[in-house]
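Think of it as A, B and C in the order they're written, each chain with its own count starting at 1.
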């Protein structure tokens, strides 16, 4: 989003620090309001008991196996999505005809609630871990395909011409022109895909599972252990936000040449 | 012919965003000139020299750090009702038709619909876009859209037109033809035009006088009258005397423009 | 794009779809895939027909539609003013927007137990979740759209001495329309997605519940029929929105 650049160009370092401080203030206010909420509504645990429950879950080891299961499902689904998705994205991006035929389908994939395919996956792969991996892959594959497709399509034609005019082989053109050009958008697609893969495995676990963080949330809800449930939800949020931030950082470093060129 | 625009000892310093004068940029050091009613004067200078800023000051969009600008004797503090501006970048609204765009200024002044329409049609005719009233900017060429911007300015019946490189984003042939169009309109309406450009040939083609500006922090290096008789044609613009004027201006400008190439002063 | 070319593409897509269906039909009939897992497309078509004349589909559709309308309405109610606020007080906007986007990127659907506890099992919980899904893209796009208006337009407004009101309604808002509309489209899409997902997981009602319920009672054909309907509705709405968005962007280009 261009808003980041706009903000950066408009504001000096001093103002950026002020914004950080303001964000901290907002988050503290949110925290305080949760405390107030817990006083007002008895069924709402206070943030402290949630944090305590989180700590307990870790120290008891109750959460470890579930965390690992979910992570495994996410990464496996993600890997699958990358393997299939980048390949499909490349093919569609390079072929005019194929992309005209199939791109609308990929685009509508974003608008379809992919959760409704979960019963099909459950029937094919059973209730175990494989259906969760499949769901994760299903969710993750769309941004990967789309970003790869767009990335390959938007390779600067002029740069390709330069390589051809110097008699580069197609192999060289690929590694020296296409590949560096598509790394930033493909990486962005993977970042979004990882988040979707995580979501996919969690959703599948929420619905029908025996292990995993999603299963834990449903389980704690059904057994009225609200503090523990909120603790798991909090952990999932923190995990997502930090991984996303980390990957965005990497992505920015990879795209540095791109932003400078654009401006 | 009395002075219509008086620019006196104008200086402009931009403070850095956080308010520190340490990072301040002096855009204009000292500019002094007069423009008489009905004149076509060009402000010619290298890129980034602050000529746009000067125009903004005359147009009332910026305040000078020191010095003053007055129009018909009145000091300029805000956009003057008798002054209309035309900008370089596409400033036509893509969501409005040509007619609606041209009527925009009148709309802001709450002129009634029928008069707006009448006036807008009149100026559209004047700039040679009759028949395109219902088209959208995306359906028109760059040159046509800039003519819309000029028409919009003319619809307000200003005495003075301040034009900031209006043909800057057009290709060379279109530029020349638009220049001829502008001269035709000027001769028909006899407005006072202050025209900013970085193109020597454009300045010579269009103006009575050329004020050559230095690089930033800018001053007026020299004032060059253009005695070439009007109407100006390709022939009259390529005579020996015309070429001599062009060379003279280039001599002055060469020094100033190369200051930008070496990297003396950041590009704006 | 030439009309004949477009038609050829359409035919190509139809052909691919039909051949895929034919292959599926053959696979199931031949017994390679158990009829419990995959129904042959012919049986699915029959189930679709049954649903169209039945009661369950329309009742579910009514519930989902109602939740959607309410959800989107409240998303607008929350999103538009907040977006304006974030634009008017840019400092607040620049601080809050990254926080909102980070929150939005996380699996917010996990919060459904909270709303179930607050509102019980039913449409109220679904609508509340829908508001979370829908309002955030709207507020962010409104403020970013307004803040991203070309400076030249603002300069023009100032040179013509436009007042605050004129500046907003005649310049800023029209200029920001493409971005704002994208926000609306995203809000629309994610609201629908969220509603179906919540209905599905919580069995609260509507089309989502219809699908997950049929899964649990082993009504395979009905399950596929439900899936077909959800896909149809989602795709239809999305293509309508995208078509409108394209037309807006064409004008604004």
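Convention: contacts are C-beta pairs under 8 Å (C-beta built on N, C-alpha and C of every residue); 3 or more make two chains touch, one makes a residue touch a chain.
For clarity, every value in this text was computed on a predicted model and none was experimentally measured.
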Most heavily contacting pair of chains is A-C
Let me spell it out: compute each chain's centre from its C-alpha atoms, then which one is farthest from subunit C's centre? B
If you average the Cα atoms of subunit B and of subunit C to get two centres, how far apart are those centres in Å? 48
Compute the distance, rounded to whole Å, between the mean C-alpha positions of subunit A and subunit B. 51
Report the inter-centroid distance (CA atoms only) between subunit A and subunit C in whole Å. 19
Which parts of subunit A, given as residue numbers and ranges, touch two or more other chains? 11
Under the stated contact criterion, what part of subunit C meets subunit A in this complex? 9, 12-13, 16, 36-38, 91-92, 94-99, 102-103, 105-107, 109-111, 113-114, 116-117, 144, 147-148, 189, 192-193, 196-197, 200-201, 208, 211-212, 214-215, 220, 223, 226-227, 230-231, 234-235, 237-239, 242
Would you tell me which residues of subunit C are touching subunit B in their complex? 150, 152-153, 155-156, 158-162, 166, 170-171, 174-175, 177, 250-253
Of all residues in subunit B, which touch subunit C in the complex? 59-61, 78-79, 84-85, 87, 89-91, 93-96, 104-105, 107-108, 136, 138, 156
Which residues of subunit A touch subunit C once you look at their complex with the stated criterion? 1-3, 6-7, 11, 18-19, 22-23, 26-27, 43, 100-102, 104-105, 107-108, 110-113, 115-120, 122-124, 195, 198-199, 202-203, 206-207, 214, 217-218, 221, 226, 229-230, 233, 236-237, 240-241, 244-245
